[in-house]
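Shared between the two complexes below is chain A, which pairs with chain B and chain C, respectively.
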Partner chain A sequence: MAYKPQYYPGATSVAANRRKHMSGDVEKLREISDDDLTMILGHRPAGSDYRSTHPPLAEMGEPECSIRQTVEPTPGAKAGDRVRYVQFVDSMYNGPSVPYFRSYGAAIKFRGVDPGTLSGRQVVEARERDMEEVAKFQIETEMFDPALSSLRGATVHGHSLRLQEDGVMFDMLDRARLEDDGIVKMHKDQVGRPIDKKVQLGKPMSAKEAAKRTTIYRVDNVAYRSDKEVIEWVHRVFDQRTKYGFKPE
Partner chain B sequence: MAADKKMFAKHLEIKFTKEHGANKMEGGKITDMVGKYYRLGVEQNPRKLEMKKAGQELAKKRGLVGYNPMMHCGGIPLGQRALTPSFISGTDMMVEVDDLHYVNNAAMQQMWDDIRRTCIVGIDLAHETLEKRLGIEVTPETINFYLETLNHALPGGAVVQEHMVETHPALVDDCYCKIFTGDDELADEIDKQFLIDINKEFPAEQAEQLKAAIGKTTWQAAHIPTVVSRVTDGAQTTRWMAMQVGMSFISAYSMCAGEAAVADLSYAAKHAGVISMGEMLPARRARGPNEPGGVSFGHLADIVQTSRVNPEDPAHVALEVVGAGCMLYDQIWLGSYMSGGVGFTQYATAAYTNNILDDNLYYDVDYINDKYNGAAKKGTDNKVKATLQVVKDIATESTLYGLENYEKYPTALEDHFGGSQRATVLSAAAGAATAIATGNGNAGLSGWYLCMYLHKEGHGRLGFFGFDLQDQCGATNVLSYQSDEGLPVELRGPNYPNYAMNVGHQGGYAAIASAAHAGRGDAYAVNPLIKVCFADSLLPFDFTAPRKEFGRGALREFMPAGERSLIIPAK
Partner chain C sequence: MSDTSSDTTKHLQLEIVPQRLLRPETAQGLLNEILDLEGVVRLFVHGPRLPGTVPYGPAKGTPLVHDSRRLIEIEGKTVELMVSVGSIRLEVTDADVKEQVHEICEKILPFPFEFREGNFMLRRQTVSGYARFGPDQDPLLVGITDPKGKLKDQVCFIKDE
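Showing the complex of A and B:
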């Protein structure tokens, strides 16, 4: 019988959404053009070539190596791209994703990624074009909401703050704004540098939709203590780690 | 605990729904999920304005720019959200958070000064040398005379040589030595000015424990001058003490300055009979004794004195140790010695401001007392057996309660705006509660780590990168069969293998060490000598109430030692 990953325990919508984020089986909700993505990432001018740190692998005359033969390089590695980053911030107020599940998702679905997981932000470093694939996938799917998640390379403060009066997660650098047409637009890049044009991120999810799609437990939505299987599973992890340290066998 | 009884409610209401300076934060509720962001910058806050003005004056005076809030984020200053003050937990002292950085807080500096400049030196070895080797009679009278001599010499007074340079007494007025003993008869004979009287300073039950542990031995609690300790380092403390001890013995007992027995006295003072507050660190973190990285959690638990003034409230004891520990280990040790920078203050203050941790821990106390028949009350017969099931029950309830507070009170979440802050607070509550209930520090540690796992899964995030290392492998080390990894929490310290780099933990671990013993009603956690040494109101820093002292420091009401105004031009 073929192995079917279970990904995550739990009987609630939050647990189910976590399984979706880990498996990559998420709904596509919007599109972002390559140039718009390049602009808000801020690593190179839109439309310009990728900068490289080494020649394409095909030109480098790599040594005989079984690992190299076994592992197909990612497109970015093959081309010699430099390593760049995308960093997401997710609001605690039913933001669609949370840092650990962005990391799990990146590590499971994509190759050549280096996810970093913090409380307010989650960073993925990868060869630039590979990173862009990861970023695009998340921005275009239910892993992202223009109001409750955000791209922030630096000065990431905001995930745990009260929402602005317009329902958008506070950003000290004011990189994205909900405009009168109901669309959230970025007018600065990830690190807060103004960009040449406003990039549309789309309409925010309704509060009801965000509550349905979120991966964070909240007592006013899906209470953590209500998902007994998840807590039981954490207890099992804790039991086993404790006992293994005492008597490894 | 009913919502209207949340211990943090009053403070958060004042902090978040009242105007401070010109931050326009009037109105709203602490449960509101939406806030107003006026982006007023530093102009809204009196302390920031004071700092801005000082920066401008400095630039003008020296012709070189300095502090300028507009350098933040390329011209977007701090204060894009409201700058709000905080309350020191357990008090009604409202302070500016800038004033909780140790550079801006004289009380915090003095707490560390008072630890670093302290050593305990046994006097019995010296007496044996005098009596057995030299045939000199030692009596209470000679001891009193020796102590009078030492209290002249220890600050830097000359005792046996002519034409000597001395330190000015007004600059070293915080330097002295007292003694203590478990021998009531000897204690009765000691001049009261020199004695730390165990019977007077401790509740009777604790005094009996301490005297039984100390026995007939006698110890000197020595505090070298703050200014000396600051100019040199913690390792200087025992050297300074040993030199002045040697000179004082020579003088008080009319010894020959060059006789070999003096070397024995020095050896006893420097090595054989000395206890430092912190152990020396290995070369990769090279620090001598009495630097913060070597102060074990058990030692810090004993340095803090809340357990003798409020023994019936183990949670309060633990909370004061949290405050002291977060300040010492996070703000000074990790924040400066190990990393540099100023940001660690934000992590640390979360654990001792605005009563959020206090609320969580006292909720746990109620839960434990209800479910485990008063196990959170002081005592030894009422403790619940430390099993994994008990750890899971208490730590899980504590963590879920704390997480739900952040979810129900957006202002609490905003106050602890980083996951590392929340992780510290939640785990300190879970760990200390488990320790109080079981009287077992490592059960408390176990609760700490379970809390980290639960927190991570609940919110899908924990602290910064480093939390994964320390906290994900933490449970494996609580009862590890490997001797260093499996140490009792009392003997662990900042240099324990996995604890060396992670802010927001060590104050909590110290609290767990203290909670286990406070829960049992023990007089001390690991070292009775240290507990007695700091039971001394002559110290500039009041170790019975570290958090209140930090508040006094922030309000600029604390008078530190080691000041140099006597020898510098008046401003």
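Showing the complex of A and C:
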């Protein structure tokens, strides 16, 4: 029987969503064009060529190396792209993902990425076109909600604040707004520089839908303590780690 | 140090914490209704700051027009809202006014809110406040401003008396 990764224990909806995010088996909910994505990332003008930091690998004449022969370079590395970042922020009010599961998702599904996990934000560094692939995947799927998550290169503190009256996560730099037509539109790039057009991110999820798709345990939704299997495994990990670390001389 | 207590009559201090950050229109409506009451001594709004320019990052210095940073009209005076209103702390004269404030909140706020009584503003000058403002500071201003900030940016005198 072929090995099937189990990813995460637990019987609740939150545990199931965590498994989905880790495995990359997530539902696609929206589309974003390449130009729109480039615009909101803000690393280069939309439609321009990728800037490179070294010549394409094929032209460089690489040294004889068994590892280089075994591992296929990613498209970005092959072309010599610069390393660039995308940073996501998820609200604590049933945001769709959390930094750890974005990192697991990026590291398990994609190659050549360097995910950085912080308390309120999650950054992925990679060659530019590889990074764009990760960003596009996460924005287009249920790992993103226009109201409860956001692309923020700087000023991320809204993740832990109460939501605004319209249900959108607070953003000091006001990068995205819920407009009268019910669609969240981004009019600045991820660090707060105005962009030429409004990029549509789609309709926000309803509160019920967000609670269903979240990967956050909360006492007012799915309580962590209610997931017996997760608690059992967390105890087991802590127990074994403690015993392993205990080294009487 | 002279007695700089602002509250020799033991005014009640209240805090209103709505479940959501208020839109300027809602904040304006709520503040106006509260300030229409007789017996509100002083009040301040609290919440995440809305700066006029991007404060840090690659876009530092870029002018920033936040949707919530607007001019609102409070009791006929125009005030620039420099924070997204997250909570309101106020000092009232007695328990009757407290009840009226609670009724106003229930009427205006479309979502749940916390409403509590406690100590939310200074009742006496601190040492740094004394060093900055001296012994003759208006007792109403005690604890209302940051000793290091500029008075005109932080305080609005609604009633002239």
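Everything that follows uses one rule, which is that the second predicted complex is superposed on the first by the 246 of 249 C-alpha atoms of A that agree within 3 Å, B and C clash if a C-alpha of one lies under 4 Å from a C-alpha of the other, contacts with A are read in each partner's own complex, and residues count from 1 in each chain.
By our rule, contacts are C-beta pairs under 8 Å (C-beta built on N, C-alpha and C of every residue); 3 or more make two chains touch, one makes a residue touch a chain.
Keep in mind the model is a prediction, meaning the values are calculated, not measured.
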| item | value |
| --- | --- |
| Side-by-side fit of chain B and chain C on chain A, or clash | clash |
| Chain B versus chain C as contact partner of A:T155, first or second or both or neither | both |
| Partner chain in contact with A:K228 - chain B first, chain C second, else both or neither | neither |
| First (chain B), second (chain C), both or neither touched by A:R51 | neither |
| Partner chain(s) touched by A:R177 [first = chain B, second = chain C, both, neither] | second |
| Which superposed partner A:L163 touches (first chain B, second chain C, both, neither) | both |
| Larger contact residue set on chain A - chain B or chain C | B |
| Touching partner for A:R68 - first (chain B), second (chain C), both, neither | neither |
| Partner chain(s) touched by A:P194 [first = chain B, second = chain C, both, neither] | second |
| Common interface residues of chain A - those touching chain B in one complex and chain C in the other | 155, 157, 161-165, 167, 170, 172-174, 192 |
| For the chain A and chain B complex, residues of the former touching the latter | 18, 92-93, 97-101, 116-120, 155, 157, 159-165, 167, 170, 172-174, 192, 215-220, 223-225, 230-231, 234-235, 237-239, 241-242, 244-248 |
| Parts of chain A lying in touch with chain C, wherever the complex brings them together | 153-155, 157-158, 161-167, 170, 172-174, 177, 191-194 |
| Chain C residues touching chain A - in the complex, by the definition given at the top | 18-23, 26, 48-51, 54-59, 62, 64-68, 84, 86, 110-111 |
| Residues of chain B touching chain A in the complex | 32-37, 39, 73-74, 76, 80-81, 388, 392, 396, 400, 403-404, 406-408, 410-411, 413-414, 416-420, 422-423, 446, 449-450, 453-454, 456-465, 468, 473, 475-481, 485-486 |
